[in-house]
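I've put the structures underneath this note.
Consider the two complexes below, in which subunit A is the common component and subunit B and subunit C are the respective partners.
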Partner chain A sequence: MKLNPLTHKKIRRFQSIRRGYYSLVIFIIMIGISLFAELLINNRALIVYYKGEYYFPTYGQMIPGKIFGLDYEYETNYRELQKQFQAKNSDNWVAMPIVPYGKLETDLKEDRYPPFPPSFQEAHYLGTDNVGRDIVARLVYGFRIAIFFSLILLLANYSIGISIGIVMGYWGGKFDLFFQRIIEIWSNVPFLYVIIIISSIVVPNFMMLILIMAFFGWINMTWTMRTVTYKEKEREYILAAKSLGASNFRILFKHLLPNTVAVIVTYAPFSVSGGIVALTSLDYLGFGLPPPTPSWGELIQQGWANMNAWWISISVIVSMLITLIVVTFIGEAVREAFDPKLHTTYE
Partner chain B sequence: MTAYLFRRLLLIIPTFIGITIMVFTITRFVPGGPIERMIAEARMQKTGLSSTRPSAGDQNQPLSEEQIQELKKYYGFDKPLLVSYFSWLGKVLTGDLGVSTRYYDPVWDMIRDRIPISLYFGSITLLLLYGVCIPLGITKAIRHKSQFDNISSIIVFIGYAIPGWVVGVLLLILFASHWEIFPLGGFVSDDFQDMTVLGKVWDLLLHTILPLIAYMVGSFTVMTFLMKNTLMDHLSSDYVRTAIAKGLSFEKAVFRHALRNSLIPMATHFGNNISLILTGSFLIEKVFNINGMGLLGYESVVERDYPVVMGILVISSLLFMVGNILSDICVAIVDPRVTFE
Partner chain C sequence: MSIKPKNSLLQVNNLKKYYPVYTGMFLKKKIGDVRAVDGISFEILNGETLGLVGESGCGKTTCGRSILQLDPPTSGSVIFQGKDITQLRKQELRAIRKKIQVIFQDPFGSLNPRMTARNIIGELLIIHGMTDNKTEYHEQTDHLFMSVGLDPAMADRYPHEFSGGQRQRIGIARALSVKPELIVCDEPVSALDVSIQAQIINLLQDLQERFQLTYLFIAHDLAVVRHLSDRVAVMYLGNIVEIADRAELYINPLHPYTKALFSAVPIPDPEIERTREHLLIFGEVGSPFHPPAGCKFHPRCPFAKSVCREEPPFPGKTIDDNHWVACHLIQ
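Now for the complex of A and B:
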């Protein structure tokens, strides 16, 4: 990919801001791990060796217990299978993931009631929640949902915002006036409350919730893009392109849009953290994604309701803190790289 | 300016109608409204079984068709949407927000009881916010890139990353549940009535501190950095350089010249804070179980008490809009360069 030397310079500047650069690396690793969470945290085994054959149950159809010589038709309980194989001391073996619990699976004990505190013996490294689901599993799968939620929300908000904003700024006129009024109205909606009311009524799924949030979330980007476009279109290079006979389409996509990328990129990390916080808040209140979807907000709610089980809230708050700080550091570094402000200081 | 403000005031009307009609429409098509609840209650009395979820089209309908019609008439569900919306709007304009379908209290009375509590937290938050952030911002700007600046930046940054209500949960777990220094929430203790004056003040204080921190976390970073960055912008501007070149002491240049101009954006922010304060925050009020407007709004949504939902929506959106206009007026007063067209 051929990069504009200016962009190249910005990326170099970003890399030179260590805090932000390492945060980005950590963030990418976090997303990468969460993408392959099934291989690390799952109640399905990674590999089962049974009677000379290998099975890989992680992805794909569930394998009924009968296949492994058990007496049931439903999905194999691999933890039990592992114990069984070990007890029999046979050639067969089961390789379980690091955390051998599923995201929705409740691990019930006969003599105790959940929540169970962290225990390395049982591989509940951060304990279980109030109904006995493993917290590590809930955290990682919840992270995956939250991060993709906010990325898709960002995409939705920005594509609406950028297209309307550019048109408003570039053509102005009646269209601009009309949307100005709409934005003025929209920005006065107490939107968290309205979202809560809406999602208390239509229990939303993933895409529905994004739709509802985007319905109220597009104005910020629209307004920013409008202002930026207004400024940019007065500059000489646009005038030059115009006098050379470039079409509006060409000016917009070839000249204007690339020059507004800096603004878009600068806002993006903060929108990501905003999206995560919004989803977590809604889930905490019980108006986010329906249970039993793994979610941080729901975990905080459990920790709040059951404060003696400190491991629930501490682990989710710490993971939230890490994620949000990482994203914020990235955002700060991006801002500094794209818009360096050099201050005079007096000695 | 006047024309601008007049337009803004006029814009309240379509905004208000837009918001309320949207929510009003949604609330009309919901299962679990007052009539469904009454049917469920009647069924519970009949069968003695408790079922929280009323299912539509149930076989053994406890209320007769006539009774249901009567109920619908009582709640205005028998009329078409627009008709009942405008009759609701008409009542609102005369100051009648209706009666709660859950507690059968007038909605306005319920809200009025809660406003002082939200206001109490809001005003203290605002006071402390300005009282702490302005000096902190100034110090950070003057000592830019010093040890103090870097360390405080990190702390302030963490506060920025994590939302106030999550901080609230953390504080509750640490200081109320684990160390038991502070109460577990609520506005006052149960035996508040029997306390001495001093005891009352102490009790209130104990209940105030944790929520207050949670409230402040939200705006603290923004305000501090706003102060710092604008002051630094002004410090590097020509007029400050001139002042120093003329032989003015640095202190005077900062406090006499740069600071005055740097306070403008802080004043601008005032309007944003007003609306935040009056409506409170659901999340923080829910975390600390404070009976403010936010919690009332949340509970009414959960209980599907739609007159209260609409009432809160009316009050909070009005406050929000007035707050925004106030913010604009603030800007125009403080900054003579701003003229709204």
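Now for the complex of A and C:
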């Protein structure tokens, strides 16, 4: 694919903004880690070597304990299995992930009540929450949900917002006027109350929450796109396309949309951080994803409820801070790289 | 200049373009019109160049856009090859778009910055389904590039990588790509350097001969119009005040506005410049929203009589076959 040299220039400029570039690298690594979290943080073993055979339980069906000579039908407890093998000093072995706890698994002790403080010995590197779930696991799986939530939300918001906004700007007139009023009414619907009402009737799942959020979230992009389109459609190349006999569809998608990409791209990172914050706050209030879904908002809530278990609040706040700073740095760098003052199309 | 028999290609009859002005927030009340083009009629013959001159804001560009149906006219008819194109449906209009093309004034704004030069000039071919084969598309666009004096090796560059003159050539190539019969040149050289202007004008002349084109050449530069046009129409505040053959008009302008316009152009000979007669006019161009009654030029006309203030000077007078003027004072 041959990139427009202007786009090339923007990418190079983005790379030259060190802070933003490294933030993007870190962000991609974070997403990468969360995508393969099962390999790093899991109560299932990575590899089990048992009686000359290899087992890879990470993905796929659960393996009942009987397979490994245990006396139960339910899923094998690999941590116990590892201890057993080591105790017997047999040829069999189990390779566990770095954090050998699942996202929903509670690790209870007989003599103490959770939350347990951080302990390297037990591989609870950031301790556990107040029901004994590993905080690292909750953070990473929670991050995965939050980031995909905000990315899908972004996609939904932008596709609705961009299409309505561009059409409003392009056709103008009555259509524009009508949608302006609709949006004004729409944006006055108290979003939080609607969420509270809906989640008191049904427990929202992931897709439903996105649907509700997108229901209110498309408005901002619509305003922006409308304005940009109004500006862009007055330029002569649009008139030229019209005089060529280009269809409206072609003008919208071939001429207008590519010339508004800069605006869309500039807004995107800030929308991502907005999405993360929105989901976290909903979870904190208890109107987000239902428990026991791993979520940062729920962790903040737990930290608030258990102030003396300092490791809960500190770890979630630090993770949140890092994520938001990274995303904001990316956003700033993108905005700077796309700054039209640096490479204007006019001379 | 033209070889073809002189029959009419485009006829514009009493073309009007009014932009309504509204007041009030909810109950919009129309308070009047901006009369950008206020009833103009002219004819363009096959193979000729009609120059359309006038000062800024007199409606030249609006007139061009109304003919192109980019800005549908308020009333009047535009008859192209015997067919009124103001009343066409979308599909029919698209067919006409192949025959009437436009070259824009601003070579920076009229090319999509996100498309390569090849795709800009080839867009027409795709829209009108004139090619579906990739090699054919490349050949045709290369050919277009060469016909406007550009190197086809540069075809895959983006507009910002070209100079102003080169961009205007791309604009011309785009207009040429569908083999049109009429090209509306909307001040195609006024945004260019003088040296480049000459190149573009020569190119337009060459192309006219090669492809038997007809031009409606809109400009405010009288020297350019004189060089290029067969006939010249002079516009003032939405009306055409005088149409004549180029030679006739430049030697013997009749309308006071035309006279004033020509005497405002300096002659590069100090002797003549000092001694020749200057017709100076005062005041500002009237507002197209409240145009003066009668002859629109009367508030500025040094010869205005009472009839000029009361009656519009239409339908004008034909002096001889090729000279028409709208003025009460000409007998």
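Keep this in mind: the second predicted complex is superposed on the first by the 338 of 347 C-alpha atoms of A that agree within 3 Å, B and C clash if a C-alpha of one lies under 4 Å from a C-alpha of the other, contacts with A are read in each partner's own complex, and residues count from 1 in each chain.
The criterion applied here is as follows: a residue touches a chain if its C-beta (ideal position, glycine included) is under 8 Å from a C-beta of that chain, and two chains touch if they have at least 3 such contacts.
On a predicted model such as this, the values are computed, not experimentally measured, just so you know.
On the shared subunit subunit A, the superposed partners subunit B and subunit C are arranged side by side without overlap. Once the two complexes are laid over each other on the shared chain, residue contacts for A:R181 go to subunit B alone; subunit C is not touched.
Look at A:K51: by the touch rule set out above, it reaches neither subunit B nor subunit C.
In the superposition on chain A, A:K66 makes contact with neither subunit B nor subunit C. In the overlay built on the shared chain, the residue A:E236 is in contact with subunit C alone; subunit B does not reach it.
Of the two partners subunit B and subunit C, more subunit A residues are in touch with B.
By the touch criterion defined above, A:P258 lies against subunit C but remains apart from subunit B after alignment on the C-alpha atoms of chain A.
In the overlay built on the shared chain, the residue A:L244 is in contact with subunit C alone; subunit B does not reach it. Nearest C-alpha atoms belonging to subunit B and subunit C sit 6 Å apart in the superposition, given in whole angstrom. The intersection of subunit A residues touching subunit B with those touching subunit C, taken from the two complexes, comprises 345-346.
The touching residues of subunit A, when paired with subunit B in their complex, are 181, 184-185, 187-190, 192-194, 196-198, 200-201, 273, 277, 280-281, 284-287, 300, 303-304, 307-308, 310, 313-314, 317, 320-321, 324-325, 327-329, 332, 343-346. Listed in rising order, the residues of subunit A touching subunit C in the complex are 2, 4-6, 235-237, 239-247, 250, 254-255, 258-259, 345-347. Those residues of subunit B whose C-beta lies close enough to touch subunit A in the complex are 11-12, 14-15, 18-19, 22-23, 26-27, 29-30, 144-145, 157-158, 160-163, 165-166, 169-170, 172-173, 176-178, 184, 232-233, 235-236, 241, 244, 250, 279, 282-283, 286-287, 297-298, 301-302, 304, 309, 312-313, 316-317, 320-321, 324. Taken together, the subunit C residues at the contact with subunit A in this complex read 65, 68, 70, 93-94, 97-98, 101-102, 104-106, 108-115, 123-124, 127-128, 156, 158-161, 164, 171, 174.
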